[in-house]
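Some structures to go through are shown next.
After this come two complexes, each holding subunit A, first together with subunit B and then together with subunit C.
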Partner chain A sequence: MSVIAPDFKLSGFIKSLLDNIFWILTLLVLIGVPAIFIILFVIPLPIIDGELLSPFLAFAALVNPTRLLPIIHAFLTTDIFKVMVFPGFGFAVLLAASVIFAERKMMAKIQLRVGPFYCGKVEGVLQLMGDGLKLISKEIIIPAKADKPIFWAAPVLFVATAAAFVALIPVAPGWVVADIDLGLLGVFAVIGFFPIITILSAWSANSKYPFIGGIRALFQMVSFEIPLILSLLGVVMVTGTLNLSEISASQSNFPWIIFLPIGAIVFFITMLAELERIPFDLPEAESEIVAGWLTELSGMMYGLVQLGSYLKLYAFAALFVVLFLGGWNGPMVVPAFPEQIITEGIEMGPITLTIEGLGPLLHDTITQEMLNGTLWFVLKTAGVIFFIILPRGVFPRVRVDILLNLGWTKLIGLCFINIFIALGLVYAGVIGPGGLV
Partner chain B sequence: MTTELPSDIKPTSSKILLEKPSSDWLPPGLALQKVDERIMTLNVGPQHPGSGHMRLIVQIDGDYIVACDPDPGYVHRGEEKMAEYRNYITNIPHLERPVIHDSCNILYPYVLGVEELLGIEVPERAKYVRVIAAELNRCIYIMYWLAIYGIFLGHSTMFMWPTGDRELLIDLMEKMTGARVTHSHFIPGGVRNDLPSNFEDVCLRQVNYFEKRIKEYAAVFYDNPILISRTQNTGVLSRQDAIRLGVTGSVLRASGIDFDVRKKEPYDVYDELDIQSIVMKEGDAYARSKIPWLDMLDSCNIIRQALQKMPKSGSVRVKLKPNPKGKGFDTVYKRVESGRGSLGCYIVSDGKPEPYRLKLSVPSFRNLIALPYLLKGEKLGNMPSVYWSLNYWPVEADR
Partner chain C sequence: MAEIVFLVLSVITIGSAIAALEMRSLIYGSIALMGSLGGIAGFFLLLDAPFVALFQLVVYVGAIAVLILFTVMLVKRELIFKKIEDKRRKFAGIGLMLIIMVSIGAVFIDSGIKTITTDEPPVNFRDIGADFVIYYWPALILMGLILAGTVTGALVLARRVDVEVDERTN
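This part shows the complex of A and B:
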């Protein structure tokens, strides 16, 4: 086996890091610092506490955590932060991007090759940025006879629906964008949108291969939605709630996969089908129908659909974690916040620095439990994503008739077995509302 | 002097092409379009990830294929006509272009035929070197074919593994001939160069490792339940149909007919070697995809035998006169077993240094004939698996 790429060397890595740091510092000194001082020179400076805010004082104020942290805290408690950054879109996009990178490296290891290597110096971590830039710079070509408004809208709708799915996922206690009592029903509603968007995009392209791909996607998603919903009924029965946060909190002792393994397996298989991943990637079957319903999408429209599908992957994996693997619950590994950090004041120019401790400063927004919950949630989600990616390396694609046979007969049958197990557990009083566990 | 065009002939311009032709003429493929409102015509190729350098005009009714019309000829290069303008030696490099992955085997019948025309006796060592090169080339071709079969079924690991393991044998061929793909190694009267000094040891080691690697493919590909459920009982070619359609090679042997040119009409030293001709009775896409893989395991055995029996020293080529000529009017037909099946070469000589006529009878074209029969009534999802199981190489079919 001839491998062209050189081995990873720590010395080379450190050298490249130092290289980067040198250039960042140089550019900062040459451009950044003059720019900041020019801005400070131009804008009129306010008077705070009877003192004129000089640039020095402004920097000193930012250094002081007692002044900086309340500002951060005020930002953390806004809704826009929840939607855009932490439990919402930004967090999910970050995870989705790392999933793409992990998938490419993992497939490369399975297939005895190197994978992305050169872009970004360290094992090709910046390859995704390069791909994204390429997609943005590509021309968007639309078929002449396409239904243009719908064709344009479909990729945006796809990302929006995936983001709506992400919004329903509780990441840590209290950290969820939309904490609604009918959360699981909301998930079903959002999943029901995907086939509609797919067939809209496929049909509006007015082309043969996307049409066949869209019809296949419709077949696949609709026939797997029923086992998907049925496989989750067991969890609803034993918890007696549809609220995802409460389902997550109910697994503080045991995750439901111990009691309902059949439901978990069925949900995992239907998840693969809903995500259009190998072995169920029929709507994008390359050798049969070019790229399926994605054939006519070009440039960033294709990029948006890819972003949406990876957001969907994260959301499904997270849903599996919330429903079957205990969500944020796990042993406490994050150390407690220190009670007092700096008791004796430190003279820093015009101010005296004292910090009473992080807890009171953050007003219990970021707590030990929240950090611990997020850590366990991310770890479990990464594990589920690993198992979602793995079949791509070892399975070929299934055929439509085999797929439909699997969905309509075997999986639905297994779902009912799962429901009977859940009913038995509830009536025997082992678990469920008012149960032993 | 100027001549005027007749009034009914228009000057050639793009305008003619844009004009609507008369109502009874339609380009191929479109002529079949308006059969039924339910039927959709798909042009699979030539720009399609699952077609190769050819077009399949497929008509589907829902998910079922009603008719399939293969349309080869996109890479026709006129090899046979070109051969009439070059002498027997300069024909060698361009004749291997139709199948560059199997270049030794496509040259083999030509070289055997020219040797008979010119009356040349080949040294014993050269015959063994040719057999080794031909078997290595067969494996190289089948690995490439297998890689594409894997990606046609959506199995990306089965694309990467054979492509990587193929390098082992390509390195061997590079050591032996100096070129990675188009070797031009066989010449009338032997082979171009003798083997390098330690070739036997390296070859044995690489081939043993290669055999170990391809045995691992069973676990990930041939025993895979999804692959078996997809390819078993699809595109079944019965024994009688296989004979009637004239298919050859692995397709013929998958339908239960024991025919291998190496065994039935041995050439060079194949009669001194123990060859298994692998036969399966099912005749479906799974059998057709498995036989080339078993062929590779057999090829490894043949290479080991040939390495053992080969004379350790001696000449590998006969010195030819410059510009050799045939003896008057003469014809010769020779065929060999290539990676895809029986590959024949018919040469007509009229006593000049160039062949008067050269005809290649290629297995790819003979196997392609079976495709419309096999795809009729199949599901669209079976199209790639049945199509590529025919062991078809588009460039060779076009010549």
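This part shows the complex of A and C:
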């Protein structure tokens, strides 16, 4: 048996611990406490629940954790929380990361392999974390004749654009980062930025394979944007709004996929092309052009582009759910919170734990509707993502001319059929204001 | 606040327009052009016309700037442009542009546009759509026919008869 640290001494270990504690205390006294005072002096802090939010409340919260509840409640209603945690970036990154793992396991099962297995005790669940650590620790190599500013900026811009896309998606009633009236147009505007970033990244690498991949990505994305926009016009016609939250709320009785199945199918196909997934993964065709426009990206730059593309996948799947599958609507399966917990507290064993101030938290922010909507939204999105990654195990890659032919002739024709169906439904008085349903 | 945003947008728009003209690298020039078009979208947002602003982004930045970028990348600059470095022409051009801009601006300011004050709510895009279908439908249909004719003509021009190669079919 090998010895990990042959020079290990217990006294040395304890000394290092004491050293650490000494330095933490010294730095806290010399830097931390003055920093708290500077914050108190400079920044006007909000008053929450009749109490000024000061850093010293952290010490009080150590003694009595329920004093944190009003602060948590106030934080949950801020825009920062929405942007960074729940309907925004954090939630989307969590889903995207689980999609990467699920995709690898699923591909393995389809192809009768094992897939990620060793990292982590159960079925390789920690594989993704290991991959992330590897990418962070790898050196970023930039080609000698690359155009450095654009090459550095492209991955960051890619993630930023994908995050802007995520910001437009309503997850539960009232839970959306940017609730604008022209949400769907905003989606179109954001989608238009992806080909620019792709081609700039590909060009700036100054290498043959990325450039070929970038050109392919450009014409694929630009030509599939047209059927994408046209296929969604049917939904806009029957709902009469461009606001994604209103579109989602309008499907409380039935999802639009029942009335507009052609639009849904066309949108799904264009979605596969915009996401560069098999069978339309020509821009990254690994058996033809190394890795396409990702060839020269290394280390965390590659990681960022991967993160951005999976965020984009989540956003597209969520958009499909919002437009065609009814968004957050679904049967109420989340049970109502028992009032007893809020008023009387929880009785456990010999003691009764009373939590005060839980009422506003459960009535305003984390409501039953919000939990139920999120549950249905996540379930539907997971289903759509499953169907997005399923073709990867089944289909071969299509040829370039077949792809363009499909996009420019068949899909656009189907889009117009879909628009005429929607117009017919509206003018026949089936849907819309004063309609039958 | 609006004034500051207006100033920043003006600097971005005009600055990137000048950069688009003056950059030696065509790629950076087209990126600057994108910045300029995006700045114009910002002006539309400032004017309470988000519909036009988003369409400006979709059409100009998302489609036209991409086409320009695509074309520029496939072109070798040295083959089609001959550099004529002439200071006098450059300054003459700048002077001419300044004269034209100042005179147009003078006409605008003199036309009484400064005295217009309105408290009307921003025009709803639904009203614009209804106007298009009710009052201006002949123009709309004419425009549609012209566009359809152009697209058909482009398709006919771009049509190519594939030559069957015997070896491949065998």
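Everything that follows uses one rule, which is that the second predicted complex is superposed on the first by the 347 of 437 C-alpha atoms of A that agree within 3 Å, B and C clash if a C-alpha of one lies under 4 Å from a C-alpha of the other, contacts with A are read in each partner's own complex, and residues count from 1 in each chain.
Please note the rule applied: a residue touches a chain if its C-beta (ideal position, glycine included) is under 8 Å from a C-beta of that chain, and two chains touch if they have at least 3 such contacts.
Just so we're clear, the structure is a prediction, and the values are computed from it rather than from any experiment.
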Touched partner set for A:180, first subunit B, second subunit C, both or neither: second
Subunit B versus subunit C as contact partner of A:199, first or second or both or neither: second
Which superposed partner A:188 touches (first subunit B, second subunit C, both, neither): second
Subunit B versus subunit C as contact partner of A:130, first or second or both or neither: neither
Broader residue contact with subunit A after superposition on the shared chain, subunit B or subunit C: B
Subunit B versus subunit C as contact partner of A:218, first or second or both or neither: second
Which superposed partner A:143 touches (first subunit B, second subunit C, both, neither): neither
Subunit B partner contacts - residues on subunit A that touch it in the complex: 1-2, 107, 110-113, 208-209, 212, 278-279, 281-282, 285-290, 392-402
Of subunit A, residues touching subunit C in the complex: 147, 150, 180-182, 185-186, 188-189, 191-193, 195-196, 199-200, 203, 211, 215, 218-219, 222, 225
Residue numbers on subunit C that touch subunit A, as the complex places them: 27, 31, 34, 50-51, 54-55, 57-58, 61-63, 65-66, 69-70, 73
Of subunit B, residues touching subunit A in the complex: 40, 42, 48-50, 63, 150-161, 164-165, 167, 171, 220-221, 224, 226-227, 229-230, 379-384
